[in-house]
Amino acid sequence: MKAITIKPNNIGVEVKDVEIREQLRKGQALIKTVMTGICGTDRGIVSGKISFAYPPEGYTYLVLGHEGLGRVEETGEDVNELKKGDYVVPVVRRGCGECLNCKIGRQDFCETGKFVEAGIRGKHGFMREEFVDDEKYLVKVPEEVRDVAVLTEPLSNVVKAIDELLFLQRRMIWTCEDSTLECRNAYIVGTGPIGTFFAMVLRTLGLQVFMLNRREPSDIEAYISEKIGATFYDTRKGLEGLPEADLIVDTSGVPEAFIPLMKKLKHNSALVLFGTVEGEKAEFVSDLVTEIVEKNILIMGSVNASKKDFQGALNYLSIWKYRYGDVLTRMITRVVSIEEAPNVLTKKVKGEVKTVIKWS
Amino acid sequence: MKAITIKPNNIGVEVKDVEIREQLRKGQALIKTVMTGICGTDRGIVSGKISFAYPPEGYTYLVLGHEGLGRVEETGEDVNELKKGDYVVPVVRRGCGECLNCKIGRQDFCETGKFVEAGIRGKHGFMREEFVDDEKYLVKVPEEVRDVAVLTEPLSNVVKAIDELLFLQRRMIWTCEDSTLECRNAYIVGTGPIGTFFAMVLRTLGLQVFMLNRREPSDIEAYISEKIGATFYDTRKGLEGLPEADLIVDTSGVPEAFIPLMKKLKHNSALVLFGTVEGEKAEFVSDLVTEIVEKNILIMGSVNASKKDFQGALNYLSIWKYRYGDVLTRMITRVVSIEEAPNVLTKKVKGEVKTVIKWS
Amino acid sequence: MKAITIKPNNIGVEVKDVEIREQLRKGQALIKTVMTGICGTDRGIVSGKISFAYPPEGYTYLVLGHEGLGRVEETGEDVNELKKGDYVVPVVRRGCGECLNCKIGRQDFCETGKFVEAGIRGKHGFMREEFVDDEKYLVKVPEEVRDVAVLTEPLSNVVKAIDELLFLQRRMIWTCEDSTLECRNAYIVGTGPIGTFFAMVLRTLGLQVFMLNRREPSDIEAYISEKIGATFYDTRKGLEGLPEADLIVDTSGVPEAFIPLMKKLKHNSALVLFGTVEGEKAEFVSDLVTEIVEKNILIMGSVNASKKDFQGALNYLSIWKYRYGDVLTRMITRVVSIEEAPNVLTKKVKGEVKTVIKWS
Amino acid sequence: MKAITIKPNNIGVEVKDVEIREQLRKGQALIKTVMTGICGTDRGIVSGKISFAYPPEGYTYLVLGHEGLGRVEETGEDVNELKKGDYVVPVVRRGCGECLNCKIGRQDFCETGKFVEAGIRGKHGFMREEFVDDEKYLVKVPEEVRDVAVLTEPLSNVVKAIDELLFLQRRMIWTCEDSTLECRNAYIVGTGPIGTFFAMVLRTLGLQVFMLNRREPSDIEAYISEKIGATFYDTRKGLEGLPEADLIVDTSGVPEAFIPLMKKLKHNSALVLFGTVEGEKAEFVSDLVTEIVEKNILIMGSVNASKKDFQGALNYLSIWKYRYGDVLTRMITRVVSIEEAPNVLTKKVKGEVKTVIKWS
């Protein structure tokens, strides 16, 4: 079958005919790929900037793709919930089997680092015509969100982070006088798909949201922020126009972007670190340590998501599909064919929010 | 009565005769001061390095002292739990009365910053012969720890921080395969009284503890670390001798001290920031952001404590008093008279762990 | 204006012209009532079976109605989020202002019992043409669910109960091997609107759901249970056909209904008590105590909801509106005029799920 | 070696010479038994009233004893923390190895019920001269509490229950206006060793405690309740003398004992069920259901404890040893020889709090 593959440590990507040795076993399903999304990690692997990608044992290449959407073609024995025709999103990370968090299905908190990740580390991804997977890693997609369900995987990571944050903030009273979160202000640093999803989740939870970038919003950014009731803010004009922050979510990974914002953090606030990048740095002064201490500030790094977060993501998609009109469909800025994929994997598409490859 | 006072923005400290207008009201008790401890904040105020100290309204001076121990001399109406002769430790911070956390007695999480703190901000401290206070701010001292109860206040801040940390780490499975915390390694940066208390609390909770400093241990440090089953580690010899860390507690406030250690942090680990200092800085690189993100690392600033933490501190003192022999009494390295106090408040005593002023 | 009123301790209900002394003040909005739902509590008050209803101070009658939906007609000063034309659902209970839970906006956990409840205890309800209310008690309705938003209030109570349950069940690992709740079985005792909402929330969270009653399902019950993927179970045929339970939710209040089911409870399971009724009883034997003890079973009573739960309810309505087709609209089995209201308040409508009064 | 054994389903107990096939393996230690406590479960097994006891595979008898205290005699390879001469308390329950809670060392929440329990179900107990055990099931005893450490096991179960309760009560604000628990009243039903431990833990946490029984206190009960600051209350004189309850802990298992008390439960209160008994019953009326619902009341069954709770128990023993003078040593009302053991296992000792067998 056709697949989009890379060779680790070789720059470039190709569509090639591959033969993956997979057999449909008990508890598994054969999935026809419908769509796969493209994200920065994919392009980092293709360009050689990301060095941690590696093929599964016994292979010299790696099939790319961790943002998948498929349709059940066939089910093996002992498959209970899924049936032919169901749409599914596959979970990306598979646990180490050793640490306690992996044992309870929370491989997003794997402690050993010995996990594999489809399309990234040691496991073929979903940019191929079909794949076999365990039912326990396949998340059923409700009918009403099939058309946007390729967004589930990136959103699941956001859901995990916010779910954890809300638990952590029970350390004191963070809810407002009316029990909601409407008195809380959040800054989102970075306005790509992940930043947009953070903004949407936080708006749905009631917070006031400011989407920060060092430029004017693009047309689509302006449209989305208006639709979801968030404020796009160009940080080149200084921080005076922003209210103090109860929450900052950084999706950029750039210390120089989020550290200067930290002076706006209020007592009991939190900074969520989500983005990663290479080669950047900033100064960290002891006055900022004092602020973090004196104000009981929390900083939380967050990565990956478990199956429950994929389910949570699908529930958000259901809410937003009708609440925010065409925002979700507009986030899929371009759908390309398999043949066009190497092109869009090699360089970012202009005006892109999310570019998607269509498989069937 | 005699009191130890400072004038804000004037360097220096004096013993003087003061008249504080306090009357014993309903729900209050008159307390004879027994001992007051001296800490870095007191010396910072005296030397003028700390600029946030200010007197109560209507006074030109501030009575110093937030680490108090007293004896009930007289009780007003509606005092239920306390009676003449009881030993008590007063709570330091008094809430703003406005924010939700202050309303529920958690002024350590005050959101407005409009709190006062005895001996520091806007309220006379306990370095005076007697004071009147509300029963709700007086923590009763069990008999068996009266001799070391002057240590309660600094310890209470440690108890608050660890209590919060343990709640936060319920975000995933942080306990070991046997349900304890014995598989977890903690570094403590800084080996003063606060660092020592962190080490003692964490040992009591079962963790392996490494007390870090950039020098050989002093005699008393060597004695204490051995007694409590912790390892004193001289960081000048490199970090290779340390196992990976599940927890780092910084009591130094110096970015250059704790940032280099962060590369030893494991998945799901935490960094507790407790210390503050001025004029230090370090570089914060994006690789460290990536570590924080990819490993779900938590950073938590912590300040102050509420009454429940003072009670928790007294329970720890009761445990340690007999478990660790003379460690607690040895931590009080010197007891001085009121007249000697200005001297020891002006410069750190050599070999000091905790210097204490005796009042009665 | 027209209002539906009762006189406490007098059986009966009437539509009458009332004059309520309300003025639009700072932070308030004038609301035109759109719809009000009718529930068992309303009928209990009308029939005199419920004896705790009483009028506001200064009134001899009480305006009924706690399931409201209105449209903002006018806003006072300092109203920030609402504007003319917005649809809103009012919160029912207003806190005592004394206890800590009321102070933080969690009047659903009022400790003194000195709260008032619109349409029930000491405060006029929403069965009148218009009312004035504080913005902080008005929950904004997203456009896509305006037509079913009269269901928000009853659903909010379910959301509160499940939200609390999920927090409580973090006492151990209750999630399944894949991190979801799909391995958990829930029984719902009682298949009225509240039981149906519990079934829908739990299905959305992934649990397997069994809706129990001592009869065949009605047509609408059969339709709904099938649509949401739950199993309707007639308990007259014995309990053998049911798998063991991880959760039982009782909406009946009848001990004879839920106590016999408790033998099906698994280790670490929970029983949520939500329904209340008068004059029923059952035997409680020590063997059942042993089961509760040996299996770490939790029993949780739950009442009322706070503003955050109303918001949560609206999010569920958005999910379900498209996921479950016409289930929500079909739950509103009848819409009556103001004049017909006394009739439907006096006796239950045949085949009713939810009967609603239309105001404008 | 000598052991105290029973034959399941045969009434009676004997001291006999047994040969247990145990070999010291990696990660294990050979333990010389020092003391074993006797509790109701032991006597229930001996009298045949408890029917769930059974021997390990390959044995026709069961060595009794789950309240152990021993001294390390020899350690196998890979034993890290323990060394010859250390005192240890062994954990009782060993997990099923299948369910998620057992996998994370929380066998007290075993979901399958396939655990074994030393001295009770499928595993030889500690009433023998020596035994071999895994280091992970051996809890090291601090020196200062060696003389009372035979009380660790029963206390560990109390620690687990209260630890869980405190987590559960974070569902709302249960702490008082000063952040402590001093405004909360607890009733303890039953004044045996378990009831006494509950009283002591709750006093240490700051609650007001009422120890309830249907009689006058014995001398030792009067002594203990006075020492720990609790009130002994004879319920034969009615409930009027008791303040309303925020917490009831039942250690009796008798529905007729705790159900009538439930009318005293306040909003947001909890009932902890800990005791079990056979053949008792009471009426459970719908009015009580209404109370549970309307007041958000929680009922929590609790059984067993994990290693962390044994550590917590030892910390409490250290606190109490000096705080409560000779209360702990007085709780050990009698120490008997191995030969006397069958006698005291057959019938309760008059005036007994805890009877203990001395082994070495």
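Just so it is clear, A, B, C and D label the chains in written order, and each chain counts residues from 1 on its own.
Please note the rule applied: a contact is a pair of C-beta atoms (placed from the backbone, for glycine too) under 8 Å apart; a residue touches a chain by one contact, two chains touch by 3 or more.
Chain labels with UniProt names: A, B, C, D = Glucose 1-dehydrogenase.
These figures come from a predicted structure and were not determined experimentally.
With centres computed as the average of Cα coordinates, no chain lies farther from chain A than D.
Two chain pairs are in question, B-C and B-D; the one with more C-beta pairs in contact is B-D.
Chain D has its Cα centroid 35 Å from the Cα centroid of chain B.
Chain geometry summary: the mean Cα position of chain C and that of chain D are 41 Å apart. For the pair chain B and chain C, the distance between mean C-alpha positions equals 48 Å.
Taken residue by residue, chain B touches two or more other chains at 100, 104, 106, 170, 173, 175, 177, whereas all remaining positions touch fewer. Those residues of chain A that touch chain B in the complex are listed here as 100-101, 104, 106, 108-113, 164, 167-168, 170-173, 175, 177, 250, 253-255, 259, 266-268, 273-287, 289-303.
The touching residues of chain D, when paired with chain A in their complex, are 100, 103-104, 170. Per the touch definition, chain A reaches chain C in the complex via residues 81, 104-106, 136-137, 142-144, 173, 175-182, 204, 206, 306-309, 311, 315, 318-319, 321-323.
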